[in-house]
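Two complexes are shown next, each including chain A; its partner changes from chain B in the first to chain C in the second.
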Partner chain A sequence: MSAENTTVTDVVCPFCGSLCDDLEVEVEGNKIVKVKKACKLGKSKIMGHQRIETPMIREDGEFKEVTYDEAIDKAAQILADSKRTLSYGWASTSCEAIEKGIHLSEVVGGVIDSTASVCHGPTVLAVQGVGSPGCTLGEVKNRADLVIFWGSNPVHAHPRHQARYSYNAKGFFSDGKEDRTLMVFDVRKTKTADKADEFVQVEPGSDYKIFSAMRTILSGNEDVVPDEVGGVSKEKLIEIIEMMKKAKFGVIFGGLGITQSRCRYKNLENVISFVDEMNEHAKFTLIAMRGHYNIGGFGQVCAWETGYPFAVDFSRGYAWYNPGEATAVDVLNRKECDVVLAVAADPVSNFPRASVEYMREVPVIQVDPYPNPTTEFADVVIPAAVAGVEAEGTAYRMDSISIRMRKIIDTKFLSDEEIFEKILNKVIERKEGA
Partner chain B sequence: MSLLIKNGIVYDPINNIEGEKMDIFVSDGKIASDAKDAKEIDVNGKLVLPGGVEGHTHIAGGKVNAGRIMRPEDSRRGAEPRSKLTRAYSGCSVPNVYATGYRYAKMGYTFLMEAAMPPMAARHTHEELIEIPIVDKGAMPVLDNHWMTMECVKDGDMDKLTAYIAWMLKATKGFGIKIVNPGGVEAWAWGKNVSDLHDRVPNFDVSPAEILKGLSVANERLNLPHSIHVHCNRIGSPGNSETTLETYGLLSDVKNDDRQVMHATHTQFHGYGGENWGDFCSKADEIAKYVNSHNNLTIDLGVVMFCDTTTMTGDGPHEFNLYRLTRRKWSNHDVELEVGSGVVPFVYGPKIPPHAIMWAVGIELPLLIDDPWKVMMTTDNPNGCPFTFYPQIFAQLMSKKKREAMLEEVHPVVNSHAILPSIDRELDWNDIAIMTRGAPARLLGIDKHGKGHLGIGADADIAIYDIAPKEVDPAMDYKSIERAFSYTAYTIKSGEIVCKDNEVVAVPKGKTFYVDPEIDDSVMDTMLPDLKDKFKECYSINMANYPVQDAYLPNPYKISTKGT
Partner chain C sequence: MGKINAKLISGRTLDQGATLENKMSTEFVEATAICEMNQKNLDALGVSEGDNVEVKTDFGTAVVKAKVNEGNPDHIVFVPMGPYANAVTGPECGGVGMPIYKGINADVLPTDNPVLDVKKLFGVI
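Let's look at the complex of A and B:
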């Protein structure tokens, strides 16, 4: 590349599930010098930070720098000899890499699971119970007159969400916030709640009760609802239901505040059923505020490859799905796997202590652009190109729309897709002959 | 590799070959007149057909995947472990991509048309199509409820509409114009529907009839290989045959010398009389009467069989109604400025009167329509039932005895509210070959691209079934029909043996067919500012990131057309 400044437009941001695709990135030589239109989080990711500089293999407790070939060989050897591999992560890489990762798990007869199992996994379970009344984000932008954030705080977690897609976004039938009512349900007054027309403070762990009360009021049985539910007065709930019924197009953006609080997937079943029932009165939809930029992509790819969106166990030769059994935390808690493959994720920081402790007892292979606490547990470390910055590939937005991420600069690192293609071929060769 | 298939009983309707004993040469992936060093396969009187062409199926993309995600109980069925050659596969009505490819190929199918691709999610559809092994495929973008489409129709600006459709076909790498409940799906974005062909679409002031006519004009001006592919308004409702027939009539004076000008899809779901579920009845006779007396219209069936399946359609309001009937689980996904979609699991029960009548309508239509060239065999997979039911359906069409056995199992309402018990016709081998090969290839316009026949130079896609048509009486021995069509003795794809005796023996990657219509730059240039505005003001994705990149068609097959 020349040393001149070039601007790459329509860049897709590989940070959060909003997957903004309007960024402009200035490149000087092969270095990113400026990121425009991105939020702080996206900008920081694209500008880059500390990397794993070289493949490494741990010998006698110390990392030794090795070549890609050596690290990939070592990883392939460990995986080919494994009887029960746990492959985990996959939320921050491309669908093409995920496909290879699923194939690898199939070949080694292992378990594959994504970060969804500690995030929006309960949402998926609820979808399997009662379905998924959703729409694309542009539908919200163009039509919604009632926007509800429930247990989600986009100001901090999805900073451009409101401007691009929801509360502030101008669309065909809406001039933005002037035409919209904003409701926020949360256990505390978040930054998102500051601007809300209606902030409803929910007692922690009470979401299920409140959804139930709302469904009861909606079905005309408000007489059986107590005067106060989960810290919210019955009058308030009745008022809210009346507002919702008057909406032309309502949307609930559900966050981790309902997936990872008391009742978990039951909260989601309840709110989805509420949205279903609201459709008798007004157009109503629900969108999960997915965190990592391609966690949705893992669910999609895993579904078309295996029939299931996460927690897939290939030990039978075919895909077997059982969240609670084939989810990463549970596999580790039972001390069941003999290898952990951590890809584009940091289980050590996010998993319960007992699960993490077990990772000390088995070989850990890490594939990631960045060092993180999981690196300290790793025996083989394979650095990867940053998908969406240094490698192309597909990602799925929180509304299941896929966008092809661009490559902005060249890199010395292999992409996840290339790394897993190599590992897969080597494992097949070892297990089945060339 | 060269092949010589000896002594087959060949049905190749496009080439007017009807049960002749003959040899077929294959060389370089094509049907040839001769072949050197050919591997001989003596099939000794067995049935030889061109590879099957599935003209309307739902196999890939957001809806199918929503079905998979929502229905782990479906994915648990029919599980097969991986082998050195094949991937792990499972699922029944929403199988994984590998099951779809392997099962279709084992049944002798080599070309599949995904019938509903949401344009904004076209990339997703193509991602899955890539992964479906063995078979060739294409996908039709849904283009009728688009704001751009409706605005052009309202303005009567056919130039702009034609340019927009051309842009969309290119951007989605799509095969043709799919229409789904025109106007009704935009109304559904506000939780509503349209009531008939002349209802006005909220905010856009056009009618379904106007949308249909407009898209027909664009279709003909772009010289597309296929006609408009129409899912009519009021699907699944009692009395909807009136709307269906009126829809057919909209284009009664439009002609095209090469093909139909309207293909009406899953007609079974649109062929009902009555005013409610109590007097619900078959109107297959009236549909057939129209089809028999007009030559510019073709249909496919959407046969229902009794099973647990997953319904999925771009017709969002219809799926909501199914949810209201079933109260099981409901997935809905409206796509900005363009389309909607819904997914609902559904069980068709033989003792449930409307279901029994629906089953009857699907079987009646091909028996009442005189000319099999007007009919594509489909189950609207998986809406009527999964495609794996084809062998049972063929047996019913070929054997009245089989139908009588079925009639004993279903609700007696069929005797009074359907026509089937009174029909004696039995289809023959050639009729089946036409409806599953010749007709779908010809109606899609891919016969000219080597599909659906065994003429010299055609793609060597061949299905050989372990049944001797000269020795079996299908009317009496319908069980042999069911068994024989369940899997081939050999499926040959592009000259390679891919399946043998219900085993997959090779897993080549198929091609993706798409249409690239060329139109005048000046016409395109007048349309583009409007489209750019839509992206700037309304879409949630940038225009530059919208079109499906070449990376998603690793084995493309382009059909170029020249617009006028």
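Let's look at the complex of A and C:
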């Protein structure tokens, strides 16, 4: 790139599942100096943080700086010798890199799982069970007159979601919040709830029974509903159902409040069934508020490559799908893997502490732009370019729309796609030579 | 000085999200080593905002700083997602790969113990 100041437009934000595609980034020489239109999360990521500056291999407990080739050779050797690698993460990188990672897991006969298993995996399971009454964010923007956030707090987790796609967005048939009703269901009054026309405070872990009560009321059997369900009065539930029935186009944005709490995927099966039944009265849809920007992309790529969206085990020589068995936390809990490959994710921070302890006992290979607690457990560390900032690639928005991410600046780091192309080739060489 | 029994919720915050790829920084510790509760619960503990509290569950303990959030009902406390919340989260996954990150039974009590930085938290130094 030239040393002149340039403004790169239509930049796609590689942070959350909103995948905002209207950012403007000012570049001086090869340095990003300003990010416009982004939220605090996106701006922070694109402006940059502390990086892993060089590939490293741990020797006698201390990291030794090495070349990319040496680190890749070492990683390939560990992976080729592994009987059961757990490959985990893949939410904050491109679909092109993910495709290489899935191929690598197949070659080494390991398990591959994404951050979905501790995020919206339960939503994916429920979709497989009872279907996906979804729509695009564009349809929400243009048509939704009732926007419901259930167990999600976009003011903190998806800060531009409401302005670009949902409550505040102006669409063809909506002038924004004047034409929409905002409902929030949560266990506490969040910043999103502060703006709601209707805030319903539910007791923790009671979403399943509230969905059941709403379905019962909707089917005309309110006489069997108790006076209070999960901290919500029957009277309020009836009022809410009447409001929902009057909507022309309603959308529920489901969050981790219903995937990470009691009943897990059963919550989602119940709310999806509710949405299905609501369609007798109004157009009604559900979209998962995906957290990492390309966690949807992992599900897409893994599904078209293996037939399954996450938790895939190749140890039988073919793709075997079994959440609860091939999900990352379970594999660690059972102390089953002999190598952990952590890619664009930080399992040491994000898993329960007891599950993480086993990672001290096996070789850990980390591929990531940033140092984090997983680095402290790693034996081989391979720094990567930041996808969407230093490398282009494809990502899937929370509504399964694919968007091509741009490269904004040049970098000395290899992209995840390049790193896994090299590791894959080395592993194949070793396997064929063995 | 008291103790409260609470349901612990974890989740994203703006400050946690803005530092989640900068986890070895003090900003990340400041963003995630906190426990939000309403003023009434803070008073029940006999602590002020910024004082250290211990969050204790069947699975572990974590020392974090108390923070006021009047959006929290009584006996519902919130720790941003990350290593401090996960120090007290259980490994059981319900047969589907998902730990219970929200709605954990927890005791919260005052403490003079310090908030550990990320390296000390994992005992790597």
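In this text, the second predicted complex is superposed on the first by the 432 of 434 C-alpha atoms of A that agree within 3 Å, B and C clash if a C-alpha of one lies under 4 Å from a C-alpha of the other, contacts with A are read in each partner's own complex, and residues count from 1 in each chain.
In the analysis below, a residue touches a chain if its C-beta (ideal position, glycine included) is under 8 Å from a C-beta of that chain, and two chains touch if they have at least 3 such contacts.
What you are looking at is a predicted structure, and each value in this text was computed from that prediction instead of being measured.
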| item | value |
| --- | --- |
| Partner chain(s) touched by A:205 [first = chain B, second = chain C, both, neither] | second |
| Contacts of A:400 with chain B and chain C, given as first, second, both or neither | first |
| Which superposed partner A:40 touches (first chain B, second chain C, both, neither) | second |
| Partner chain(s) touched by A:132 [first = chain B, second = chain C, both, neither] | first |
| First (chain B), second (chain C), both or neither touched by A:250 | neither |
| Touching partner for A:264 - first (chain B), second (chain C), both, neither | second |
| Interfacial residue positions of chain A with respect to chain C in the complex | 15-16, 40-41, 44-45, 49-50, 113, 117-118, 121-122, 125, 153, 155-157, 159, 187-191, 193-194, 201, 204-205, 256-257, 259-262, 264-265, 291, 311, 323-324, 327-330, 333, 346, 348-356, 369-373, 376-377 |
| Contacting residues of chain C [partner chain A, same complex] | 7, 9-14, 17-25, 59-60, 69-73, 76, 78, 81-83, 86-91, 93-103, 118-119, 121-122, 124 |
| Chain A - residues contacting chain B, complex | 9-10, 12, 21-22, 95, 99, 103, 106-107, 124, 127-139, 141-143, 164-165, 170-173, 248-249, 276, 279, 282-283, 285, 299-301, 303-309, 314, 316-319, 321, 392, 394, 396, 400-404, 432 |
| Complex contacts: residues of chain B adjacent to chain A | 60, 62, 64-66, 68-72, 74-76, 79-82, 84, 87-91, 94-98, 120-121, 123-124, 127-128, 131, 147, 189-191, 203, 320, 323, 328-337, 343-344, 537-542, 544-545, 549, 551 |
